[in-house]
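Per-chain residue numbering starts at 1, and chain names A, B, C and D are given in the order in which the chains are listed.
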């Protein structure tokens, strides 16, 4: 039987998106709908002495204005989404965001007051009439200064700005260091970025007093947890709260955060005012109100033998939480764990301190801190290779884990609370394939010398990484064959462009022998599926996909049993193909799945004891640990020595995400991830000044890469199936962006003949110009 | 509040007349007053390109025009590329699907409108030409390569 | 944001000092200041309307306080201005030294700028600060010229 | 990000537009709106009234003059400049500049007069008009006057235009025989404002000696400026690579007075001015020598 798995199936969802018929949250318009705008802090840090909203309340068209004082008991800090993992000796202080600032403001963009008006235009008029009295306090930004005794404290009741301290180790690094022939140590800095989904966040809410139901449309990646949390906050049954995440215009992590202040306030006010409300974040708000990528400062060192064998790595780093830490330690632990990469590192010591600053909260954004670990490790290897006089590709080859070392336990705890264990992998062939595709040997033998002679500065980078994906806790799915012959799949995850409508349909179509376009997937609607967590950590296809497949196989059993009975054939002879069930070798007698569905739900007679009505099944999948995807990226760049601009000439990805469901989608994820990575490495940086003001809170000045900046990525796939799930899937959502910073640094250094040493990301022409000038001096 | 003005416009072949505030952006007029939510808003300062529509056949940022300025004009939005529900996709839309040139699809309507204008001319179109025009649009999902493929393919089909 | 520099006033130090203590004059020297009135001692309150290219009609409240005065040599000035587009807050130090050609003023200010202007104006904010400082100092010189001319007539 | 309220006028004639500008307190001209409307959406611009001149007749033509120059209406769109055969023939520097100006949907709406009146120090068209030695006609209710490009840009976003005036015409003189031209800029991304850039006209005589040079700079100062000192070092000399490099150094060191921002510190920008001027002069000189009989 033909299989859809592994096929380049065109997406089921595209027609709606291409014709403007797909529903996004801001498209929701209801009779009587009013509009919400928020007054946000201009100050990075200050004591809130007063908020005067009287003039705003009187402005024509204003329906209501709320401050923290108006919220009563509803005012409470948000939940701690991810408690710290069980690492011995760990110190952790949770401080989560509040709906509206009450005593203090802690970052620019923190909401202070909420205006409800007949239009967004009027609501914004009213914002200008609100007078806020703030006693300014010192901004906290520099991570080292933040921990000094005299630093202003972001949270007054804590002893300092230390949010967490985590130390993990395996082996004995000090001994490894003593035995080493070479120790290389450096400081590395990785600055903040924005997720910058093109769709900003939005929340619409309507309370129906007759059915006593609250319906919320939300650009969330996690509709079910939002529903559960709102029901609890509002004192409603979960069945009274419907959360719908329709088409979502890009997630990349921050749309998994909960609860954003707007997410609790809009539903609350809709119920209180008895009017449907909508708030749509504008781009300026997005730069202060939506959670951001991370900055970290690493002091790292690597110890090696003369032959280039890694003896150990030590890394001590500071991580910028922003003002709150609802997402716990996920991001710095990702950095800590991903640093080890593809390599055999017998001794590892890693300690980080997470720091409260007066900046927007940091939560996972595509890559979620993994790129920092990769940057540190790959930079250390590059530096060590130079000092040892070993080719940097060869140095990596000498330290790669070999296939017989899997599953490989790194003896430290990963973000999913399980020991960091790699499920499977085969790294050497991946490196070799990437080197062959980029033409590593020929580049150094012919191209680089030839172009250098012409005065052109070209350089090559090659970097490997692993990515922990597909973590639990669980997802579920319900598969139903309807009498029309259409197959309906409902799952709890939301979708933000990853192609779930198609990938899940492929898994189900294969199990049931139907055309993939006959499978209709519903995601992100709590009315459709009750249990689930969300789309994050490159886990949608692995966890929800596996649940879809299990449910479909359970339905298949029901189809087979019913068909066998009706066709008077042995169940083991029933074949499903082309939407029909038939006995093997009995082409004359067959039944369509639609007919079977109708027969499984009879209007008269009885359902046989032991059977359930309908052709439907629900299944769940909860992996006890995640998977490990991997990849090798290689790139050739040219640096203009006059302008310090960097142009990417070629970009190669050899990628292994286990079994591929749909190469078209996987390649799209990688190409897009690489673009995101290029942004991180060379274009995007949130520029905060020492007063905590974000200086580029617009898309004019926050530079997302455009079509002329991103090359067509050349890709090759390798498949080492995961043993942790029946389809051998791993996960791909974040892979493209993890290696890029390290890759840029290596390639640019190579292009400039190693005249400069790059220890910080993002790079920019300005930064490179100054590095080059310092090198000349 | 300022006085209202009347706007009459022909959008996707349909005549509309609405009374609006002069400050109403064309993007909001299309989405809210006409219910044509296929045009998306991503930045409201003219950078992201999601709100691009055709006015008299030329691409414009609908967030940088007031609705009143479109009075009397002929407009086309993403909804107008195909005649109606169930109709076959426009060759450009079909090429986007074939090449997987969209992921979340939020930026897509604006890109379609710019590219539709670019494809109007039968002159040869290099990848550099496509990328230069596409550079006026931000897409966070696709990394652009498949969009270039799709436009190249559609150009080949439309100007065979 | 830090703005530092020097400016040569063509006039004696005492005259420059007097000039700088007069709220009406200070108002003229701050581009966009609509009014500035003494509310008590060395505290002045008023409002300003900033207009710069596309930026129009942005109205701010303005409080200026003079401190650490050592006439006619130096003083400090605290500035606090707020409006719907954000705030400017900070301190400026002014020193006057007699020189052959007149009075050399050296100034150094450290200003915090917050809100929309800071968030979207980064490309031009340094240029704007430089330009507004220059404009202000030139108008002070004009005022000084007028005073000195008036004085000589008297 | 929605604009504040304003009173809207849509005059059909220049006289009507000028009357509104003269009579309505706080009125601003709305031409292409591609800089003004974003500022209004951020609410950093809140004009009390807008005088929308998009339907004013007579401001949208491009005419070749008998002497080989061009007369361009203030309301001519960037897109029209980009596609006009007259512009390509008579003002090839303008044609070469247009693809650098933002993106096609912006060029559909943006106007030449609007770009000049906005006077962004990083923009291409003011620098181009300086290099071309263009003359602008400004009209108010009482009179029309002409202003040379070199006298028009007074400071950051400040021009010689009075609040009651509209820029109606831009006159570009004919390109002399033996003239070469070029424009180049360095921007972070395609279509962005330049971190630095230059537009130049070089004129040479039959022996290859430079008889005139005009170099407009972008992002080199708080206003669009001519690199007058750099140009002075070229006139009277043959355009050798050394002479061009010397002029470029002068432009960077003397003519430029850049500020820093997050994308380019002042010293980097100054350096880039030198690089861009040298590149532009090299191309202009090559064209000039090709144009010689």
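Definition applied: a contact is a pair of C-beta atoms (placed from the backbone, for glycine too) under 8 Å apart; a residue touches a chain by one contact, two chains touch by 3 or more.
Bear in mind that the values here come from a model prediction, so they are computed numbers and not experimental data.
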{"item": "Centroid-based (C-alpha) most distant chain relative to subunit B", "value": "C"}
{"item": "Pair of chains with maximal C-beta contact number", "value": "A-B"}
{"item": "Between subunit A and subunit C, centroid-to-centroid distance (C-alpha), Å", "value": "49"}
{"item": "Rounded Å distance between subunit C and subunit D, as computed from the means of their C-alpha atoms", "value": "33"}
{"item": "Where subunit A and subunit D are represented by their mean Cα positions, the distance between them in whole Å", "value": "44"}
{"item": "Multi-chain contact residues (two or more partners), subunit A", "value": "121, 128, 282-284, 687, 695-696, 698, 700-701, 706-708"}
{"item": "Multi-chain contact residues (two or more partners), subunit D", "value": "1-5, 42-43, 189-191, 262-263"}
{"item": "For subunit B, residues that touch 2 or more chains besides their own", "value": "1, 21, 23, 44-45, 131-132, 135-136"}
{"item": "Contact pairs between chains, per stated definition", "value": "A-B, A-C, A-D, B-D, C-D"}
{"item": "For the subunit B and subunit D complex, residues of the former touching the latter", "value": "1-3, 5, 21-23, 25, 28, 44-46, 49, 52, 55, 58-61, 63-66, 68-69, 114, 117-118, 131-133, 135-136"}
{"item": "Contact set on subunit D toward subunit B in their complex", "value": "1-8, 10, 33-34, 37-38, 40-42, 50, 52, 54, 79, 99, 102-106, 108-109, 189-191"}
{"item": "Subunit C contact footprint on subunit D (complex, rising order)", "value": "26, 28, 35-36, 39, 42-48, 118-122, 155-158, 193, 222, 259-263"}
{"item": "Sites on subunit D touched by subunit A in the complex", "value": "1-5, 42-43, 186, 188-192, 195, 262-265, 268, 271-272, 275"}
{"item": "Subunit A residues touching subunit D - in the complex, by the definition given at the top", "value": "120-121, 124-125, 128, 282-284, 642-645, 683, 685, 687, 695-696, 698, 701, 703, 705-709, 764-766, 769-770"}
